[in-house]
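Every chain is named by a letter (A, B, C, D and E) in the order it is written, and numbering of its residues begins at 1.
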Amino acid sequence: MKTLLQVTGLNAWYGESHVLHGVDMTVGEGEMITILGRNGVGKTTTLRTIMGILRERKGQIIFDGKDMMDVPLHRTAHAGIGFVPEERGIFATLTVEENLMLPPVVAGNGMSLDEIYDLFPNLQERRHSPGTKLSGGEQQMLAIARILRTGVRLLILDEPTEGLAPVIVQRIGEVLRKLKDRGMTVLLVEQNFRFASRVADRFYLMDHGQMVADFPVGELPERMDMLHSVLGV
Amino acid sequence: MAQAAVQPHNEPRVVLSARGLTKIFGAFAAVKDVDLDVRHAQVHALIGPNGAGKTTVFNLLTKFLQPSAGSINLLGTDITRTAPDKVARMGLVRSFQISAVFPHLTVLDNVRVALQRPNHLATQFWLPMASLNRLNERAEELLSAVGLSNERNALAADLSYGRKRVLEIATTLALDPKVLLLDEPMAGMGQEDIGNVSSIIREVAKQRAVLMVEHNLSVVADICHHVTVLQRGEILAEGDYATVSQDPRVRTAYMGTEEA
Amino acid sequence: MSHVAHSTNSKPAAEPGVKITTSATIFLLAGLALLVVAPLFFYPIFLMKLLCFALFACAFNLLLGYTGLLSFGHATFFGGAAYFTAHAAKVWGWTPELAVLLGVVGAALLGLVMGFVAIRRQGIYFAMITLALSQMFFFFCLQAGFTQGEDGIQQVPRGYLLGFIDLSVSTNMYYFVLGVFVIGLVIIWRFINSPFGMILKSIRENEARATSLGYSVAHYKLGAFVMSAALAGLAGGVKSLVFQFATLTDVAWQMSGEVILMTLLGGIGTLIGPIFGAGLVVTLQNYLATSDFPVTIITGVVFMVCVLLFRRGIIGEFYASRVGRWLGFEHRH
Amino acid sequence: MTMIFGIPIQAFLGQLLIGLINGSFYALLSLGLAVIFGLLRVINFAHGAQYMLGAFVALLLLQYFGINYWLALIVAPVIVGVLGAIIERTMLSRLYKLDHLYGLLFTFGLALTIEGTFRYLYGAAGQPYSVPSALAGGTNLGFMFLPIYRGWVVVISLIACIGTWLLIEKTKLGSYLRAATENAVLVQAFGVNVPLLLTFTYGFGAALAAFAGVLAAPIYQVSPLMGSNLIIVVFAVVVVGGMGSIMGAIITGYMLGITEGLTKVFYPEASNIVIFVIMAIVLLIRPAGLFGRDA
Amino acid sequence: QDAVSDGKVKIGILNDQSGVYADFGGKSSVEAAKMAVEDFGGTVLDMPIEIVDADHQNKPDIASNIARQWYDTEQVDAIMELTTSSVALAVQALSREKKKIDIVTGAATTDLTGKQCSPYGFHWAYDTHALAVGTGGALVKQGGDSWFFLTADYAFGYSLEEQTSEFVKSAGGNVVGSVRHPLATNDFSSFLLQAQSSGAKVIGLANAGLDTANAIKQAAEFGITAGGQNLAALLFTLAEVHGLGVEAAQGLTLTEGYYWNLDEQSREFGKRFFERTGSMPNMVHAGTYSAVMQYLKAIKQAGTDETEAVAKALHEMPVDDFFARNGKVGANGRMIHDMYLLQVKKPGESDEPWDYFNVLSTIPGDEAYIDPAKSGCELVQ
């Protein structure tokens, strides 16, 4: 399998606090990876640093053979990475459709508006209402849908199921699998362990700003003890 | 509040109570009609999924946010319209979800700033700084209680995340609050700190009420006498941990089906 | 809660202040000695102007440097006090010390009113509001009878200090100004190194936390604001006696800008930085007053350069420099 | 003579109209400030200087290149806008990471520099710029004699305000702008060149100021200090309006202009300070301003 | 001891060089002073003569700081020009305290030789009284018997308004109102509207420089002149007419103490001045030349530059040059000379550039100026 994303020795800081202490990880083309870890261990930070949002960083990030460390934030998307933030980032002053149309298309293989509305009929229904009038689940759909239009190759999702009803969680699980079938690579941070174990091919376990373990979904049963001690699950 | 005054005789007295607490942001109700009774000498946990409104409840109780509806009563006084600093002076003190220390003050000074108010040494602009030295003894006591004595001269900014949380608890205790509100005090703490802080909380709760938000369910199970589960701004369940954790609604909404 | 005023990585850090190192003491004494003999070498009026502005800048810095509040309206206190003092000395025939005292009290009251309105907002809003309010005061002075409009209060008598020291004698006036300056500095020093100052510092560091500890942030800010206004008034009142003049120049917003420049140039949040800033600006102005080249351009460029390149100011940079640290001035960042 | 509140109705309506004209300038300028502040979180102290620059560029274009008013109305804002963009790119953009106060201080220095330079080169005195012949003269409205040019100012500034509002509310560029106002980092993460957007915004805001400056030239003369006092009034307008909305800036601008005009009728002594008084009152009652969203 | 202190005579020209009054005097006044020094021969009593100058920006405090510094540290012997009454009063008071001579050509208030006169202070070119008599008188004579004033809000404006009002009233007219505007106003529209609705026949502009020019322009814009009301530009000179353009200024009546195209003598100076500055002189420029010249002559006559002696000579010597005909200096320091009532020509009427005025009449000095005995100056017994 071809390596799409290679992260080596990644360190990151928020002002004076050092949050990532040498993160190493590899994401293969077409893989679906889930990062597990307790609150505050640096999962979100890892995603934000890879994305280039957090720029107080050291280390190496290679995406598709390209060194991303000096790429300005607004070029990251054009390189093929899409980001769905934890807080979803729906713009209050924009309508649903404006939100949907906001991110520029970076490659030809993105979904069309029709396809997206097919996938998320709720959004079509509410396309003229302000973004923040949506329910939490709909907001999450919108946040994902928004990126699907752009045609990125690596989708980075931060806790896509947070605070969502199980039925929506299920729907999102289906969508993610569909995307995987289309060959999209997904990097996911997830607290919802059950959900993660249903969709992921491989796991990274994070603690204290580092990756402490890495194993495929098949090894899950024998790793339960470790997960228990690190995650408290 | 009339209802709050009526209490079963076997329960400790209610020191902080909210009735019909509601907060509406624009069109969104972050907190809806929440009733809460926090009792003396008890640790009360507020749990629930992210975005359930826990922090908002904290902000409302401490008056950092003005409730859209409902009333709050602290130690028999209605504080629904009272300013936040006044509430703090009345004995309701909080910590923050994101760490809240004075980064460019030393650890000792952080605690001393907190001690200044109860010791009436805050508005004297004519006294020298040395006048604050009489707070040192108490400050050192607090620091050693939380195990920060060795770092007393370090800048707060230079502490690790967990140590900052510990420092924050020390400054909070310095005010000798009657009701202590802790927002995720264990978040980001190492295991050794968690044990330590758990015992501190247990200790301080002997003479005061503690309300805490906490995702670490083993801590909740361990030290909390009473648990309120919040979901989408509303109370989903209430009771002791054993009861609440068996509630299927709580399991689906918050704990999931896995064992904690 | 807004944290505009204290976002950590941008504000120059607190000054060494609390501990007075030996070298600081030596510098202080040397500086004082220099000021005592200065009139032998320099034009006393120039020195007095310098001292007045230095005190003004220090008073301003008390607010910006130690509370994180950028006031764009300090001309109101400086110029307002100048009017009060001048009026009392000229029209009512008060002795200079009483006239100056009136200026201080007047400035403190103005500070109370302006502060009451302005501290409702933070950061840039605070700056804009103080600016607008001081512009309002400017228009008031333009129209109020006792200020004499564009003419200003002219020929203010310097009078007799305590009724017997003739201040129209330049040397007497100089030592009077020097005395006021030293007293002003001592007050400022005491203020920032007091229990009150400690709370101010903590408010600047983390306003929400200070509130949660039970400190009424607004009252502390207002206290600092009034103190700063009163001291600015002290400087303004004395200045009106030095120049025997009180005019609109002193209440105009450009004056507020000037004092910001002095502080920025010298080093925000350092006790003595503003003195150097004021010295530099006053010297420059003096030098350029009779030349063709307008002061504004230089002022503006210095402003931009300071903001872009050395936000710590002269003294701040010095503290942070190797020599500064070697001499025992630590500068935290 | 018909009286209203003991004032001749003519004087009343006349001052009302003059207030509206002043209000047009307040609206245009506070609009530009609001646009810049919305995205950059910078209080553009140089706004007054850019307004002055607009007038001066128009004057110089006329003097040296014979470019008339109509062309200057477009060319001058473009020149000032580009200048603004250059300043943003090379200097202002370094300050975003810092406390917003530094942006204020920087633009303050910029204002002093620009005004000082023009004062040095052209003196503090104003220079005449004549009303374009097509708009010369006036028309008798019955209650007052309205110079056509001033009528034009009201109309065109209203158009410019509405145009800007449409640009921001109804276009793709506008949606980037609005989104970036809410969450610049995310918009950038989506692949929008937000730094460029910021540069454009600053340039656009400066151009709006310059546009107001060209409009003002025939009325107020072209003088290096024409913007320096105006800007403070506009700050007050902005504080009253609140920083939240574009529409808020526009409406407050007109409203306060008219209020000021009316004060001149009823209590002329207070006309210079009425806006500041209103500001203080609004702050006491609604600290976020009339249309402001942040509290 | 040396007859001349510090081995040189140093004259300071202190005026507005960049503000609303920059054309009125400004840098050109400095040039005029230099011309006088050159014409005098560059030395007096064998000592060099030096001119220094500074911009006081119309701010009395700035002016008095500069003056103080000049006197204290730069051995300046006399300060002249002093545009703007507030400045002139401040500097005259300081000069009196420092025992130095000041000769005012730029400012107008009669207080300089009235309540606030100085034994070492002289007022050279014109004053508010002369303007009231000249321009005010002319308009009253034309039937302008009800006035509304637009007044610059400082000493000069008050003085001009007061004296013109007195004049109007004594001629049987009345003043229906007045409004004060700050120095350097750029929008007069609401003031003009007030003037318009007052219904006064004459709108008296008790201001100067660009303020007047702006008011005139905007009055035309609002159809005020077309509506039958007359404007009285009480202080308006060649420089402002040039700035405003004859088109807009045509027909205005004004009073000056000098006009370059009056006769051979004045033309000769005008031409030379034009060559050096690119513009024709008004009464301030010419007056400054005259004042410097007279001051040097006085030093020569006194044989010293010591203040008392020079002041005495200045008081005693008659003034007779291209600027002042039959000039004499009163005990209050007022230099009394003839003034001219002028009217701006129509656009077609000018024969040559800068030929803007028709001379309506000559106002004899004794009529134009207050009798020193009645000036209220304490120095006049």
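Keep this in mind: contacts are C-beta pairs under 8 Å (C-beta built on N, C-alpha and C of every residue); 3 or more make two chains touch, one makes a residue touch a chain.
It should be emphasised that the depicted structure is a prediction, and the values quoted were computed from it without experimental measurement.
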What chains touch subunit B and also subunit D?
A, C
For subunit C and subunit E, the touch-path distance in steps comes out at 1
If you take the mean of the Cα atoms for each chain, which one ends up farthest from subunit C?
A
Going by the average position of its CA atoms, which chain sits the greatest distance from subunit D?
B
Inter-chain pair with the most contacting C-beta pairs:
C-D
Report the inter-chain centroid distance for subunit A and subunit B in whole angstrom, where each centroid is the mean of the CA atoms.
33
Roughly how many whole angstrom separate the Cα centroids of subunit B and subunit C?
42
Centroid distance [mean C-alpha coordinates] between subunit D and subunit A, Å:
43
Where subunit A and subunit E are represented by their mean Cα positions, the distance between them in whole Å
79
Mark out which residues of subunit D touch at least two other chains, giving numbers and ranges.
119-120
I need the residues of subunit B touching at least two other chains; which ones are they?
103, 157
Touching two or more other chains - residues of subunit A
16
Note which residues of subunit D are touching subunit C in the complex, please.
41, 43, 91, 94-95, 97-106, 108-117, 119-120, 229, 232-233, 235-236, 238-239, 243, 269, 272-273, 275-277, 279-280, 283-284, 287
Please output the residues of subunit B touching subunit C within their complex, sorted ascending.
62, 64, 83-86, 88-89, 93-96, 100-105, 109, 112-114, 116-117, 121-129, 131-132, 155, 157, 171, 175
Listed in rising order, the residues of subunit D that touch subunit E in the complex are 8, 10-11, 14-15, 18, 21-22, 119-120, 123-126, 128, 131, 138, 140, 144-145, 147, 149-150, 219-221, 223, 225-226, 261, 264, 268, 271
Tell me, which parts of subunit A touch subunit D in their complex?
51-53, 72-78, 82-83, 85, 89, 91-94, 98-99, 101-104, 106, 146, 150
Subunit E to subunit C touching residues, read off their complex:
18, 52-55, 58-62, 64-66, 68-69, 72-73, 85-86, 89-90, 93, 153-155, 182-183
